[in-house]
Every structure is written in structure tokens, then in C-alpha cells.
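Given below, in the form of C-alpha cells, are the structures.
The same chain A turns up in both complexes below, where it pairs with chain B and then with chain C.
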Partner chain A sequence: MKQILPPGVSVGAFAEVLNDFRKIVGNDYVLTGDDLLSYADPYSIIADDETHAASAAVAPASTEQVQEIVRAANKHGVPLWPVSCGKNFGYGGASPRMAGTVVLDLKRMNRILEVSEADGYALVEPGVNYFDLYEHIQARGYKLWLDVPDPGWGSVVGNALDHGVGYTPYGDHFAMQCGMEVVLPNGELVRTGMGAMPGNTTWQLFKYGFGPYLDGMFSQSNFGIVTKMGIWLMPEPPGYRPYMISFQREEDLEQVVDILRPLKVGSVIQNAATIRSLLLVAAMNATRSQYTNKPGPLPDSTLRRIMADQDIGMWNIYGALYGPPPVMDTLWTVIRDSFAKVPGAKFYFVEDRKKPNDLLIGRADEMRGIPRMNEFSFINWTGGGGHIGFSPVSPIRGAEAMKQYTMVRDRLHEYGFDYLSIFAIGWRDLHHVVELLFDRRDPTIKRQAEEVFRVLVREAAAAGYGEYRTHLSFMDDIAATYGWNDNALLKLHQTIKDALDPKGILAPGKSGIWPARYRRSHP
Partner chain B sequence: MNRGTVLVAFALLGMDGAAFAADSAPGKALFERHCAVCHAAGPGHAGTMRLTEARGADKAVLEDRTDLDSAYIRVVVRQGLVEMPPWRRTEIDDAALQQIAAYLTRSRN
Partner chain C sequence: MSDDVISRRRLLATGVHASAALALAGALGPAAAGATSGAATDADAQPATPTFFDPRFPASRLHARALPGRPQLRPIHGDPTPILGLVSGARAGGSRRLQGVTTESIPFCLREFAGRGPGVRLDCRRVDRDLFVWALTLGDEPATATGQPT
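After this line comes the complex of A and B, so read on.
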């Protein structure tokens, strides 16, 4: 494998820093050469393999080792890119934004330091994934639920820091974060909130401590390396009933979203429910080639056939009721009667679904915090593996949802891609997560995917929609859309970056934030 | 102990299949921990679903296959293969990968 160096670092200086890293973590955990193949983003949209190629990887086992690595990186001016479990696929996986950056692989830091059943929280290191924490809780019989994203292999810490979402009432993961330990870019160690007070026992119970609340600045940022994080866990409720509601027409989306808003804002819908598009649901059980071998948008007759085959709708709500049975019965009556106003709406519980890989059966686990991988099946829809998330945010308004849907659908169809999406309902917002699928082996299709993605970003921004999260390749593009008042926010980020990280060693380019040394020209 | 060594040991000691099965047990446990969520038999497994379409039903379930070899498994795990992402040494170390490969290439006699 071709050796890539960090920009501005000589062969000699790079060899020296790798030697320093070996002294810290041992020979086995400084990875170079062909070992770096497993750090490449397998689903990258960029046709060229070197854009996000790492120069090396170093994998510490402790916070102290992270501090020593950071100090060595400062000494040699070598940039580091922290990853937790490296499973942020669709957004870059384990690869760095800037070619030549050394990946700081935190997977070995996988200790579950504490779980409090009484107070409902866990304190974990970044290498802990959802399966690990779930098994830990089950083995001890704690009556606590996790909140999990669709694939369970990701990091509890990493997902929260990248503003990921799940599907129980605790679905906003960063909102459920409480207390951090952070290695700063100079190697210094800090604890946020109540963790700053020696002997305090409320680090994972009260977020704000005293003074400015800083935890947010360590999310989607390059201001520090989070080595411990508290996450709140939901006490097991006395009852649970997952449900699905399907709608038959594309234009129903508008009415559905307008019905949904007051139910969600008023907590009648208790969880982070989702509205899923036909093809995303169909992809759990079927592939495109089972319906057509022709490129281009699927005709309405085929869409109707898929709906009939799988007993699903053009749009499908997946939600759940939580609480004592009389409470669930009452909430369900309100929800059912509200959506029954949409002509053709159909209502299902798990026992009504017959296919073995029916999505409601899988979601019945996920909406109660049992991690799974079944929904990764969606990448099989077209085959070829490539996928990237386009994720603009809008108000919970029917007209806005329809506007976004038609805008994105039409552009994807124009470029020859299918529309698969989730509208995830937040406390006051809709995350419109569109999965753009492409064949990672075909450079022509990748170029088309990249082109349509850039068009979507521009058109969404022109209509006032910003992405909440993005792939490495588009971080600068998305950051530029948050440019109010002559890029005042980006300038503030840069001011903080330069103050905390004067040598610019931590995650250059993350979220469009470049340190001074790379700001004028970066790879 | 690699597979070749194990086979030699069988021949020398006249061990039966049960003893061999015991030797592949760590690999089976590791397969279940790291691989089965996508590659177990039955619906709901993304890898099995994909292999059914790409290679046919008889090649879809990795644990049932007899045509895999260790070197191929190591390359696919470390570098990924189309839909499957690569796995780093920090996730599955070389010894664990060797055991998984030994399990998937075990003798079926």
C-alpha cells in the first residue's frame, strides 16, 4: 500500500513519531502499510481512494496513553483523527477527513465503568458499542433499556457525539449525555459538569455543574477527545406496545406530518417515531432486481406491486406505546383516531405482521433498545454497498416535508437513483435522512452520486434547510451553508480551535473547522 | 494450533470428530459474537440476504459452506468485500480471526 505522509511532515519526523507511539502503546498497536486497508471508508462516494487515506493508526488502551499520544503528536506536528468504534458508515467510517492524518483508534478503550440501575445511567469509554452495553445490562438483570440506532455495532459515545438518534423516548442521544472526561489538544485532562468537583457523586446526574456548559463543544468538533461519557438509560416501563401505520399515497405525507406534530409536541407519541419511505421498508425483504432490471425510477405500477407484496404503504410510521396498559390504551385511542382521518390508513401491531423479516418485528426490538443489525439489509436494495446519508432538518410541517420529499426525489430520479428515506421525529424538528445508494465498484456512478449530493446540499440550503450531520467529503460544503453574518459561527469555531489547539493536531477539517496551519490551503 | 497441525494430530492419535469440534468451539463463539448478526441463517441477516442473491442459496450461509479457505476469509475480513465493511485488528485481533477462519474451514467428517 502506498505510504502517505501528513502534510508538511518529513519522512524522518514521521518515523520518529511512530517510534514514540510504539513506546506508548506497543508495536502491535501502531498500524501501517496493509493494516491501513481496514481503516479505509468502504462506502466512500469519492472515486479516488487517497482523498481520505490515513498515514498510520495508533490504538491506545487508556486515557493516559491518549494523553501521551497527543503530546507526541504536538511535539512532531502530526495530526490525529479520533474514531471510537469506526462504524459511522455513510459518514466516513474509520477514515480521516484529511489525507495523511493518523487515525487515533479508541476501540480498545472498551470499559463499561459503571451502570447505576437506581439512577438510570451508564459511564462508558468510547470503544463500547451498543451490543457490549446491552449484554452487560442483561447479564446483571438490570431493569434498564438502552436507546439504539438502527445498526448496533456503533459506539455509544461516538453516536451521541455525532448527534445520532434512536427510537425510544430517549432517542435524542446527545440530549441524554451527562458528564464527560476529555483530553484537550495539549494533552491536559478535564471533566465537565459536576465531574470537575472532587468527591462529587452527581457527575452522571446533573449536566450543568457551575459556569458555562461546555459539553456541546466536544460534539461534532475537533476541540477534544472524549475518553469517558455518561449516558442516561430508561427504566424498563410496565408495558410496551410497538405499532405500525401505513399510508397509501405519496401526497399523504403532508397530512400525516401535520397530524403527527401536535401528538409529538404534546407527548401523546412518546418515542422518537419515524416515517419510512416505501423502498426503505421494502429493502428489508427484497431487492430491486426482484422487481426490475431496468435503470431509472420505478413506475407507479411497480411501486403498487411492492406495496401489495409486502403489505406496506408508500409511507409507514413506526412508533411504540410505553407505560401501564390503561395509559397505553388511552394513548393508542388518540393516535389511531387521529391518523384514521387519512384515507386508506392501516394500523398494525406485531402479531398482524407475517413476513419473517418484517420491519415492525425488527423495530419491536429496536424501539425497546435491543441492538440489531437487520436494518443494514437496506444496502442490498441495489447491491454494490455504497451508501451516504443526506440529512436536512425541517420543522414538523406537512408542507415542508412534502417540499423536501419532492425536491430530493426528483433530483435523485434525474440522476438515476432511487429514493429511500426516514423522517425521524425530534422534539420540534424532522430529520429527513435520505440514503443515497450506489455501487462502490463503479467510478462513473460514484461521480454521479457525488454530483447529485452537491446539488442537493445547495438546493436544500437555498430553501433554508441545513444538514445535521454529513460525510467527511462534504463537511466544508455543509459548514459553508451555516454562513450567517459573514460566517460568524465558523469564525468563532476557528477562534476556539486556535486557542485550544495552536499546533492544529486534532482532527483537521472536522465539521469544516480547519486549524490555522491548514486553513489557507488544505488537501 | 493451525488446521494442518490439528489434522496431523487426529491422524496420530486417532481422535474422533468430537474432539475436533471442541477445538473449533472458540472460533464458533467468536463467529457468533462478531459475524452472526449479519451472516447467520434465516431472514434478518444482511450478509446472508446479499449472498443469497449474489452467490445463490447454497452459498449464502457461511457456517454451512465447505468452499472457504483461511486466506480468503482473512482478506475479506481485513479489507471488506463490496457490501461488507473491513474489520480492524482493534476489533478482531489476528488470533481471533485465525480462530474464526478455523471454524469456518473445519472438517465436516
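After this line comes the complex of A and C, so read on.
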């Protein structure tokens, strides 16, 4: 691989900092050259492979080593890009925003420090992934459930910090974090909430401590490196019943969402349920070429054939009931009766689904916190495997969901892409996560994907919709859409950045926040 | 894991602990646990090579049968979860090669899970729009005092 240096850092200075890193972590854990392939964005849609290329990676094993690395980076002015497990591939994986940044790989910090069955929490380091924590809990027989995102190989800490979601009642991961330990950009170590009080025993129980609540500052940010985090775990309920509801017409989305809102806000729908579009469900079990070899939007006749083949709907709700059987029975009666008002609605439990890779079977695991990898099935839809997520947020209102759907669908069709999406239902919002699939070996299609993505960002913003997370390549675009009052929020972020990280060594460009040294002409 | 020291190899792959993946494979049924479908039966030949095919595509089985070694055919759909458990099992059990003709999600996840680092090689080639032929060769891996691969 071609050697890329951090901006403004000479070959000699870079060699010096790598030597410092080796003294801290050992030779084996400073990576350069071909070893950096592990940190490349596998789904990059940017034509230039060097746009997000790392100059090196360093993998500490302890908080103390993180502090030493940060101090060395400050000394040499070398930027660091912290990643927990680096598996968030739809948004850039382990690649840094700015070429030449050194990846700070926290995967070796994989200790599960504590699990409290009685209080329902775990205290973990950033290298702990969902498989590890699941196995740890199962091996000890704890009656606790995780909440997992779709691919289970990601970091518990990293997913929460990036505002990831799962599918149990604990699906809002950042809402379920409690108490952090953070290495600041100057190397100082701080604990948030009750963790700031020596001898206190409620660090993972009470979030707020005393004074300003700072934990949010360390999510999607470049203000610190989280080295420990508490995460609340759900007590195993006395009963569990996953379900699927399918709807037959595109326009049903409006009525479905309007029925759904009071059920979710009133906790009749208990979990972070989802509404999936036809093709995202179909892609779990089939590929596009099994239905057509023609480019362009699929005609209605083909969509109907897919629905019939797979016994799925144009829209499909995946949810679950939790609790004692009489409670689940009662909730199900309300849910079923509510959605039965939609003509053609069909209701299923797991035993009704027969195909080996049926989505409800996989969701039945995930909605009870068992990590899987089955979501990778959908990357096979068009062939070529690339995807990035476009993720605008809307109220839980039918008209808004339809507006977003038609806006995105039409634009994707115009550029030759299929519409595959999931509406993840939050406490008061819909995360409309659109999976833009492309052949990652085809530069022409990648260029089209990049172009349509930027169009979607602009159009969504013009309609008042903002994205809640994004790929590295679009962080500046998204940040610019949060521009109320002459970019007051971005200015505040920059003020905090300059105060905490005057040398600008931590994750330059993350979420559109650039340190002063790169602000005027960042790469 | 509380007492685990992650190796350089696992740093370059996914970092998922072997026991976690194995536990998962056991929970997911026959494909992960090693059940075969249409397995070769030449008992005196070389050790069988776990060979995956996607039953949704007739060409997948045909191509898989023609792969080198003594292919022991196993069905797998697009979900890579079972095979990741098998990789860990293969490491622990001495099997050094997995191969298949599948959709891309399988070799993609294998590359991220195990396909980098010393002694590990993943060869992958596109057969048609949907299918990829691949072979994963696993390198030796030092064991810890507990016998658990790091």
C-alpha cells in the first residue's frame, strides 16, 4: 500500500511517533502497510481510495496506554481516529474521515468488567462486541438479555456512541448507557455521572450525577475517547412472542404509521419495532436477478410476484410481545385489532414462516437480544455487495412517512437504484434508514450512488428532514444541514473542540467538527 | 472477555472470540454444527473439505461439486452467521480449508472475520452476477494455556 502521511507531518516526525507508539503498545500492535487493509472502508463510494486512508493503526490494551498514545499524538501533532470494533460498514467502517489519520483501534480493550444480574447492567470496554457479551452472559446463566443491532460483531460501546438501535424494548442504545470513563484529548482521564465520586456504587445506576450531564458530548463526537461504559440490560421476561404483520399496498404506509404512533407512544408496542419495505425483506431470501435482468425500477407485476413468492407485503412490521402470557395476549389483541383495519393486513408468528432464511426467524433471535449476522443477506440483492445508509428522521406520522418514502424512492429510481428501507420506530420518531445498494466493483455505479446521496441529503434538508448518522464522506454535508441561527450549533461544537483539543489530534472531521488547525482548508 | 488477551491475528480480523462464535453456531443448527448434504463418500480419500453451496442457485451446487479436494457439500443461504461459527470450529479442530460457491455475503464476512493476518488466505472470484467461488485457508494459530485460540 502507498504510504500516506497525516497532513503537515514529515516522514521523520511520523517515524518518530510510530516509534513512540511501539514503545507504548509493542511492535505487534502498531500496524502499517498491507495490515491497514483491515481498516479500509469496504463500501466506499468515493472513487479515490486515498480519501479515507489511514497512515497507520495503533492498538492499545489498556486505558493507560490510550492516555500515553494521546500524549504522544499531542507531542507530534499526529491525528488519531478512535474505533471500537470498526464494523459499522454502512457508514465507513474503521476508516478515518481525514486521510493520513492514525486509527486508534480499541479492539484489544475487550474486558467485560462487571455484569450485575440484580441491577441489570454491564460495564464494558470498547472492544467488547455483542457476541462476546452474549456468550459471557449465557455462560454464567444470567437471566439478562442484550439489545443487539443487526450484525452482532460490532462494539457495544461503539454502537451506543454512534446512536445505534436494536430491537428489544431497550432498542435506543444511547438511552441505555449509564456512566462513562473517558480519556480527554489532553490525556486526562474523567468519569462521568456518579463515577466522579470516589467510592460511589451507583455509577451504572444513575446517569446524571451532579451538575451538567456530559455523556452526550462523547457520542458522535471527537471530544474524548470512551474507555469504559455502562449499558443497561433487560431482565429476561417471563414470556416472548415475536410477530410479523404484512401490508399489501404502497399507500398503506400512511395508515400503518398513523395506527402505529399511539400504540408505540402508549407502550402497547413494547419494543423498537420496525417497518421494512418489500425489497429489503425480499433481499434476505432472493436476489434481483432471480426476478429480472432488466435495469431500472421493478414493475408492479414483478413486485406482486415477489410478494406472492415470499409471502411478504409491500410493507412489513416486525415486532415482539414481552411479559406474562396474559399480558402478551391482551397486547396482541389490541395490536391485531388496530392493524386489521388496514385492508389486506396479514398476521404471522414464527411458526407460520417456513423459508430457511425467513426474516422473522432471524428477527425472532434479534428481538430477544441474540446476535446474528443474517442482515448481510441483503447485500446480495443487486450483486456487488456495496451499501451505505441514508438515514433521515421523521415524526411518527403517516403523511410524513409517505412524503419521505416517495421522495427517496423516486430519486433512487431516477438514478437507477432500488428502494430498500427500514423505518425503525423510536420513542417519538421514525428513523428512515434507506440502504443504497451498489456494485462496489463498478466505478460508474459508485459515482451515481455518490451523486444521488448528495441530492438526497439536500432534498431531505429542504423538506426539513435531517439524518441522524452518516457515512464519513457525507459528514460535512449533514453537519451543514443543521445550520439554524447561522450555524450556531456547529460553532458551539467548534468552541468545545478548541477548548478540549487545542492541537486538534482527535478524530478531525468527525460529524463535521474540524479542529482549528484544519478548519479553513481541511482535506 | 475478562481474561482474554487479543492476538495480532484477531486484531486484523473481526475480534469475535472463538467460544462466542462456537456457542452461536451450536445454537443455530445443522449447517453450523457440520451436518452435510450430499456429502462425498469416498472414505479412503483425503480429508473432506467443507464446501458450501447455495441451494437457491442450481449453478452453485454444480460449481461446488467441482471444487478441489474432497468436497463435503453443505447448504447455506445468504446468512453468514453459521459459517462464522464453523471457522472457529475449524481452527479448534484442525481443519484448515473451507470453500464454497455462494452469494457475496459469505466471503465478504469471512474476509472480515478471518481472512486477514499471518497464514490466512481468502481467494475469491466472481462466477456470475450473484455467485462467488471462494476458498479460505486458515493459518496455524498459537493456543493459550487454556487451549483456547486467541
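As a working rule, the second predicted complex is superposed on the first by the 523 of 523 C-alpha atoms of A that agree within 3 Å, B and C clash if a C-alpha of one lies under 4 Å from a C-alpha of the other, contacts with A are read in each partner's own complex, and residues count from 1 in each chain.
Going forward, a residue touches a chain if its C-beta (ideal position, glycine included) is under 8 Å from a C-beta of that chain, and two chains touch if they have at least 3 such contacts.
In this text, all values refer to a predicted model and were calculated from it rather than measured experimentally.
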Joint occupancy of chain A by chain B and chain C, clash or fit: clash
Touched partner set for A:94, first chain B, second chain C, both or neither: first
Partner chain in contact with A:113 - chain B first, chain C second, else both or neither: second
Which superposed partner A:285 touches (first chain B, second chain C, both, neither): both
First, second, both or neither for A:9, with chain B first and chain C second: neither
Contacts of A:479 with chain B and chain C, given as first, second, both or neither: neither
Which superposed partner A:452 touches (first chain B, second chain C, both, neither): neither
Partner chain in contact with A:42 - chain B first, chain C second, else both or neither: both
Common ground on chain A, meaning residues reached by chain C in one complex and by chain B in the other: 28-29, 31, 35, 37-38, 42, 59, 85, 87, 105, 107-108, 127, 131, 153, 284-285, 287, 289, 356-357, 362, 372-374, 376-377, 379-380, 383-385, 441
Chain B - residues contacting chain A, complex: 37-38, 42-46, 49-50, 53-54, 78-80, 82-91
Chain C residues touching chain A - in the complex, by the definition given at the top: 1-2, 4-6, 8, 10-17, 19-21, 23-24, 27, 56, 77-81, 84, 103-105, 108-109, 112-113, 116, 126, 129-130
Complex contacts: residues of chain A adjacent to chain B: 28-29, 31, 34-35, 37-40, 42-43, 57, 59, 85-87, 89, 93-94, 105, 107-108, 127, 131, 152-153, 284-285, 287, 289, 355-357, 362, 372-374, 376-377, 379-380, 383-385, 440-441
Residues of chain A that touch chain C when the two form their complex: 28-29, 31, 35, 37-38, 42, 59, 61, 85, 87, 105, 107-108, 110-113, 127, 129, 131-132, 134-136, 138-139, 153, 284-287, 289-290, 356-357, 362, 370-374, 376-380, 383-385, 441
